[in-house]
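Consider the two complexes below, in which subunit A is the common component and subunit B and subunit C are the respective partners.
Right after this comes the complex of A and B.
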């Protein structure tokens, strides 16, 4: 019984590697490989549940270390797993969500000839994610970190014949790499100053601001905070199961997870906390603003993910890592479900992703639309659904703490914008009359489609309740506050629901649409991608071309050299002579006025 | 200030006004310029003899020499202009006008 926790978690990880090893050993036996993968993940989920129950009721947590270690001079590296509060709760949730997504992929990627490779990639991704989450030293975490980055690259570029997909995959890898610079900065600092990459050793000493900022940069890259955010909406080029798994529940929370792991270090460093707070607030507001005018259903959900990631970063900046972790767990459920519902809608409408060409799906796709509405309500923080426990607690903690008030205002505005874009999805996709062509293969009969959505819907309704009732108590959240502060999240969300509905009724019947500059700002993603991906490289290349070809001839000979001088003199003298009009009498008259004036001034 | 000096200063100012304000003939400028020089000459000579500053006695003579030169230059310009245009109207001098 003593060793049940770590042996069962290790068993679940081994079960996870079984499909990969079978694929390695028998590469041509592919009859039931996808179903086999799904069953393996289901079994791994069930195997990881007893450790969760043990942790909840007996508060056991383990660190398992292999004693065989490599050493680089004085730095020791060994393979070790840290099974504490965060990993033990996250691992079953990751397995549950992945199980549902794999079952959904059986339906979604059914006609894809390389479906086996797809499942292999998804299993590899999950394996690296588990390595990341359960790592006890930074080297193993980095292995998982890079692993999820590479699998993200391969999965976003799944349909590699499409140039947009290749560009998006490359963009994801590049932005993640920029974040990795911060990670390596922290690792180097720790190697020099702490001589250890083990989390236990690090927690006994201090970390200075530079190392913590390195971690924040790493989180900015991996979790798409403002500044390194454009890869996340572009990553929607990948298939919907990939978006559901990587870019909503698991990979993008890796950066936040890293900061949560290092929370004992960040508690005392106000610079790092303030940086995280302001960065998170900027991210959540900016991406929510971009989400409200998008027309692609997957992009709206992607921006919603980015906004929630900003909210998690705000929570870390508030020094509430356990609330951020709770939000990670609950967010996984409803965001994955939102993606699965959009996948169901997309496939049913024959690969139509534009919400302006959907409509009236409320009664045609009952399970999908109920799940979509449940997920949107959970995202908005409706009381007692999944999002409420985490999101409302975050906003309460924010309202009652002494923080930057600008960050607080931004987060509240972003919360109301959440309601706006969720309402937009529901309005355009589900309500009113259909705007899609009549011969669409609308079908919900396959249990591979409905079971995962139902399971995740149950999760997004009940999971947060079960989690908050059962996890051990952690850092204190403020419990008492004036009723107005307590109801802030709810009021802001309701305002965010009522105002767009009223505006819609006012403006809907106009014959022409006026050009609104804020609409253009929001639709062009704040001009960030336009400036940094198009205009800045173009300016650099044009300057390079100018220097290479035109600098010597045009500039030195013509503009600053001989011809330029002649030109300058020509233009100057023609300008001056044209001002002189030869009005001799007027000039003399001016003398007669100014000379007595000077006399009068002297005497 | 003695009344003679005041008289001569008024004469100078009148001649200056005559230089700067004229209608069409260039020769009026040159004549009033001569008037300015004359009044200045008499003013300096009177001041020298009134205050007995005999060491600057050469100043009026130098003034006279330079005024003769400048009158010559002015007359040469006037002769050239009148030989080109036939009269000395100022509105003829408009070649540099845009």
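Right after this comes the complex of A and C.
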């Protein structure tokens, strides 16, 4: 059965290249190209299902090494695919989500004159993502890694006439590049110490803390962890399908996926695990805090994504890579759906993204509203929806582990903040009376809009159940715990729903409040962008200017060169001559000491 | 032969005529004379007035950098504000630079363009932002350290002691 698994997965990847080749061969035939792309991805999804079923029921997994590509002295590079638990499950999910997003894009980007190019970019992105996920060596993984980064740049800057979009695209590239330094550090370390980039070889040896920290830095950049996170909310400048595919489901999980791939190396290194845990806890809390005061619907969902990525990093730090992977899979469904619902609302309200100018959409957009509420409930971890199986397991594992107590507290607070900002979206966008001018006709008549949302809603409800029931756990799950620990996630979420509702009722009765520092801190994203986007360029550019123009002249001519030498001579000679007071008669008295000394020596 | 000579003479005349014809009031950016370039630090009021005129500024606005050996000369010290702070709706001569022709440029102008350092005022002051952010970060780091010192874990004995294992006495009781 191995050959069937092998060939069908590789066939599904080859199917993805067909639209690109067709477009290369016939660049002017663009009329039906978008629909053709969507059908290609649908076919790829259906082709990737039998391998998934084979894996679930027969536990077949495979590594395929194709061609001996290059040799550099003793380092051999080849094109090889690792079709194991992670890649076989992730590939169909990525295809399913992309199929839905491409169908949605047929409606959303309908009036764009370059829609065929948009679809081409999305297919290219998906191809590089699959290369990343199925790579069996770091070189191939790096090809996919850079590929998704470049496609992210091109898609964020889709509306390139807008300067904010160009800035956001550049920001994404630069922050990812800083993370790539860590990736290259690890690759260099492995090349020097292991002489191989193949995962099988690496897993037979040991990796030291430096190499693992390099991987964590790479994940920090790609998965928008605290410190390298500002690019993710800025990436919302791109079209909504781009945000749904890249910046929620697939690209941003690449960093976490890398750490999951290297879990055999990380499980024995306490420093790496603690770093991942603390970094993830900081990220999840910080970004959840930023989300609760945002007014742009896409920014709220972007910060929610960042918070869930922090939770995945916490799970890595708990040494539970399979739970992190399960959360990646379930998160893809409901987060993509949340973005599609946001896109539906934005387009219906004539490109209005401010939630303060929405309202009453519950009756006007019934399918979108239902999906939005389902997705929000799944995100909050409502029992027996998709998010429950992964999120609740993570919180249970956290509560029953030997863990940094502050990291645990931060993660629980972030879980309650998740409920707050989800409720905020629902309250402002769907409930109460409309706060927008009734200019554009609002409807959900187009099946290209409703079908993808419905499909992802079904995924958000059933996917995790199907996955959990069919895939046996790989590590021992905690079986016994007090009821309070078991119900922690639910209690914390309910507290997160009740307290802000009470606070809202309280604040509505108060007069207008003066400037609140915590609200400013949260709304301005912790001041991180304002501080660091001004400090670093100023310091670097000023230092560069001073070194180039003044340091050379000032230093070499005046401080160490001729003028400096002259000054030094002047000061030392003036100091020494100041001690010479010209008292010759007094100086002659020194002979009183030396002449008796000579006599004493002679006698 | 005569025709080719006539053509070459005509071309040469055209070239010299082009040199002679210059639009009234136009100055090219190239071909600066010595007195238009930056000079040494102005010491007398007359030198200050001449420098102000050279940089197209009023004498009362003109202020050179202090003469402390950094080599600024008589270049004016303009306020450290970036181009982000200038009016985006005004019809500047160079719209992307938000600059008019002949206006004195800041010494670090290439740093203060719209793609680089932004000095526009923030809703919250710089000191407050630094205090709040680094205070938050420092607090988190301290609490993470404290969390490492006092970790959270499930109890491992029937009677659990915090400061010592208490294994053997607990097993006996």
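One rule holds for everything that comes next: the second predicted complex is superposed on the first by the 526 of 603 C-alpha atoms of A that agree within 3 Å, B and C clash if a C-alpha of one lies under 4 Å from a C-alpha of the other, contacts with A are read in each partner's own complex, and residues count from 1 in each chain.
Simple rule for what comes next: a residue touches a chain if its C-beta (ideal position, glycine included) is under 8 Å from a C-beta of that chain, and two chains touch if they have at least 3 such contacts.
Since this is a predicted model, take the numbers as computed values, not measurements.
Q: Considering only the touch criterion stated at the top, classify A:591 as touching first (subunit B), second (subunit C), both, or neither.
A: So A:591 only meets subunit B here.
Q: Give one of first, second, both or neither to describe whether A:379 is in contact with subunit B, with subunit C, with both, or with none.
A: It touches nothing on subunit B or subunit C.
Q: Which one hits more subunit A residues, subunit B or subunit C?
A: C
Q: For A:554, decide between first (touching subunit B), second (touching subunit C), both and neither.
A: In the superposed model, A:554 contacts subunit C only, not subunit B.
Q: Of the partners subunit B and subunit C, which touch A:580 in the superposed model: first, second, both, neither?
A: first
Q: Touching A:541, do we find subunit B (first), subunit C (second), both, or neither?
A: Only subunit C; A:541 stays clear of subunit B.
Q: Could you say whether A:138 touches subunit B, subunit C, both of them, or neither, answering first, second, both or neither?
A: It touches nothing on subunit B or subunit C.
Q: Show which residues of subunit A lie in contact with subunit C when the two form their complex.
A: Per the stated touch rule, the residues are 274, 278, 281-282, 400-409, 481, 517, 520-521, 524, 526-528, 530-531, 533-534, 537-538, 541-542, 545, 549-550, 553-554, 558.
Q: Quick check: in the complex, which residue numbers of subunit B touch subunit A?
A: 16-17, 19-22, 90, 93-98
Q: Where on subunit C does subunit A make contact in their complex?
A: Those residues of subunit C that touch subunit A are 69-71, 108, 111, 116-119, 122-124, 128-130, 132-133, 136, 140, 143-144, 146-148, 150-154.
Q: Tell me, which parts of subunit A touch subunit B in their complex?
A: On the subunit A side, the touching residues are 577-578, 580-582, 584-585, 588-589, 591-592, 595.
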